[in-house]
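Each of the next two complexes has subunit A plus one other chain: subunit B in the first, subunit C in the second.
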Partner chain A sequence: MSGKKLLLIGAAGLAGFAALTVWAINTANPPRRTTASLTGVAQRPLTQLATIDVLPLNSANLVNLALGRRVGDTNFPKQVLALTVTCDLTAANLIIFDQSVSNTLATLATNLSFDFVQSPIVNPTIAQALGSTNQIVRFIARLQIQPSGSVSNALRGGVLTVAGRAHRDTVTGCLAPVPVHLDTDLYDKTFLLKDVPRQKDRDKASLIDRTGLAQVIGVLDVVADYVTNTVIIPTGNLSIRRSAEIIK
Partner chain B sequence: MKVWLQLGVMTLVASGLLATQSIAGTSDVYRIQTLIHGASQWDLNNNPGTPRAQASQLRDVDLINLGRGRSLTNIVPANEHLALVTQCADNNMRIIVYDKTTQSNLVTLGYLQAISVIESLRGKRYTRNVISELTLNFANTNPSNELTGGIFFAAGSILSDSNQCLISYHANLIGALGASFFFTNTIVTNVTDITVTNTITNTYYVVSNFTVNVSSTVLTAGGKKLGTLIEP
Partner chain C sequence: MKSTRWIFLSLTGLAVILTSAYALVTTRTFRTVAQFYTFTQGKNTATTLAGSNLANLAMGRAATSTTAPNQVLALTLPCDFSSASLVVYDQSTAHIVATVANAGDLTPLVQIVTNRDNQIRFLAQFQINHVGTPANGLLGGYLTIAGRLHANRTNGCPEAVAIRLDHDRHDHNFGDQDVPRSVDPDSAHTNLRTGLAHGAGVINAVQNGITNTILIPYGFLSIRGVQP
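Up next is the complex of A and B:
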């Protein structure tokens, strides 16, 4: 065997090892499929009187803009929004995940700060059902929108503040989903947390497991059909669901 | 006679404008009503394996006490009000403790800095949707109540008249407050409703790195002015 072939095999082996390592990281703490229902308000362009347009946005709309497509594009249902949170709870990111190849396509928003408080779940029924997961985390994440997209459709910047609760596996420290009927909390109404209905943001998989819920406010700098505008998000909800890698 | 009537109407209109517009060098002051809902971390140092979070609340009187560096159990004097300071057409505002008797600012708790504004005009009323950043700073003179302050994101709506002077402000805030409590067995019930007991060794409970994650807060201001504030 020539030295060149050995080098190629070695490189292939290294690449394979790297791929396996990435897979291992993903399976230990996979991104969580996240659906969204945001209410945006934007200044209507070219009007004599100042006028506000109300724009409902969901996760598919955000993914389309970030990937340079028209807001309402429905041709790529497996390219979805997902939330990643490090197991030591130091950072959160919103990413665009391609479920057909289990690959991250782009990072929509990166972590500016992550604050949390944590508590054990005292309900024994829930703790038993969760296996090793018996901790709930309440978090506030500040995220910076990353410029992405095309000349015609894009996200140019902005910030989001996400406040919510999520279940955590006490062994790994990572966020973990639980059966949705057990994912209830006494303070959901107080903290304005609610699930995202299917009519607002379609998720191909059935809602069986859920990691948590969050509310979001913020600002997006958007380019839609060559028109640049600032969209304020006074209110919105996120539903943090199962692993984004699994398609049922 | 007709001319006199017209002049009378004009005078009335002019005085109406003076009543709503803030005079140059002054700001309008409105009472704030707020209830901060949050979750606080405690018991982290004594029981690292079982950290606990507790639902918490802060009222406007609590913010006044924190701003003034007093215990949260202190009864707030009737002349002290949590207040919003604003000028017509200005999207940046302040949160202060206002002394109604002397019409003065006792302490500034924080600044609402507008990040993005979208406005609409319907009839003679402006609505401004404002995303602001609010940094709160508390006076840390009492070691047993050392809530240090925090950073919030506010999604607010300012309703204003044709001169863009405030009629009402309503905002939803999310953010985090930080604090440290040292050697205390009387953690204020206004914040946490925690019943703190002494440890077996009979030393005081030590709670540190106390964080209140505030994820739902409604802040409203408007209606009748509390007064005006002469700006330096």
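Up next is the complex of A and C:
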């Protein structure tokens, strides 16, 4: 084999490897549409009474506050919450994704830490359904709420600890959705993992595929109608679904 | 005004000041039992880490050691709820012998209930300390813990109440539950409890010389009576 030919093959191989690597890193991550049902507790702000109120919050409420709108605003149904996780499982972010233009509008919470363990057992049922291998990843992410919004309605800060499980495509390394009837786990009930009912957080698309489920504990610093308050989230559920870019 | 009356008023004032100062500076230690579900790399089966296992690791012993039953997990809280620590408390000497984790930024919410104790809801972000020995110990990590506590109506300090009175309508939904005796035994047959809590986190630990990252997707704590 001539030197030129070897050089060409080497260069092509290198380029291919680099391209694959870049692809693996960048494919990272179609953002996954994520619905939420959080239960907040907060001190009642407008009276002198020391009373703790229980406040339900969903992903639409969080998106509204982060974009400076009133918590119950319904004018922008295509601006939705989504979760991104890098394919090497080093970081997760909660973002606001605009489905009308297929673009990320803002980052609601950024990664502080991401830890995971993965099962060596390939789920044969899911592998058969997908035509590929598939693994369960259990993860715990700590996310820092980013200050965003307006003077009247905003998220000022806070931290969320998100503990959950998700399916991972062993070829790309990325988290991947599976048909929802296959997305079950022995420990879901024990760990309080459950889907978010439609009446608690509306998702325009039908629930056909799901990437995983997670539980949330944390605290949010919130401004709602000019009133600042600290909201403890003792519990909350996240349903991590399909790619946020697709509406079936 | 007679001098005896002045003396009485002065003494009353002094008592109020001393009580307030006591409430401000006093930190109380509560026996705490815990059950954490854990996962480690390469396994898809959850195992249980009890409060006693954490105390053992913090003291440099094997997690399942039973040689020091008097060294138990406890939670310390100041009366202003500004911080919290998970500690190993030696019941035989009535001293804290190790600090498992500190939370310097406790978020407390207070609800005053007429004719009852104050109710506290809190969120604590504990940083696990580097404690133990090279063979068995805790190397770091964090626990995010949310829960509820009782506090004295007069001085604001956390305090235990009879277990039959310690219930909350949100316990089930929030994942707060007591810890079974079979998981984390408590030698004291107490009928007192200060509150319940639950949480999630990550612990880096070394056990029998092997370092591991332990994921805790869910766990719960029962905060019981005050320690002497």
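Following the convention adopted for this analysis, the second predicted complex is superposed on the first by the 212 of 248 C-alpha atoms of A that agree within 3 Å, B and C clash if a C-alpha of one lies under 4 Å from a C-alpha of the other, contacts with A are read in each partner's own complex, and residues count from 1 in each chain.
Following the convention adopted for this analysis, a contact is a pair of C-beta atoms (placed from the backbone, for glycine too) under 8 Å apart; a residue touches a chain by one contact, two chains touch by 3 or more.
Since this is a predicted model, take the numbers as computed values, not measurements.
On the superposed subunit A, the positions of subunit B and subunit C overlap enough to count as a clash.
With both structures placed on the common chain, the touch criterion links A:Q118 to subunit B and to subunit C. In the superposition on chain A, A:T230 makes contact with both subunit B and subunit C. Within the superposed three-chain model, A:T39 lies in touch with subunit C and out of touch with subunit B [touch as defined at top]. Of the two partner chains, both subunit B and subunit C are touched by A:T161.
In the superposition on chain A, contact of A:V54 is made with subunit C only, not with subunit B. When the two complexes are overlaid on their common chain A, residue A:Q199 makes contact with neither subunit B nor subunit C.
Taken together, the two structures place residues 41-43, 49-52, 115-120, 136, 138-140, 142, 159, 161, 163-164, 187, 190-192, 215, 217-219, 230, 232-235 of subunit A in contact with subunit B in one case and with subunit C in the other. The part of subunit C that touches subunit A in the complex is made up of residues 37, 39-44, 46, 107, 109-112, 118-119, 121-123, 125, 142, 144-147, 170, 173-175, 198-202, 213, 215-218.
Residues of subunit A touching subunit C in their complex: 39, 41-43, 49-52, 54, 113, 115-121, 136, 138-140, 142, 159, 161, 163-165, 187, 190-192, 215, 217-219, 230, 232-235. Residues 37, 39-41, 50-55, 115-116, 118-121, 126-127, 129-131, 153, 155-157, 172, 174-176, 211, 213-216 of subunit B are the ones that touch subunit A when the two sit in their complex. Interface residues of subunit A facing subunit B in the complex, by the touch rule stated above, are 41-43, 49-52, 115-120, 136, 138-140, 142, 159, 161, 163-164, 187, 190-192, 215, 217-219, 230, 232-235.
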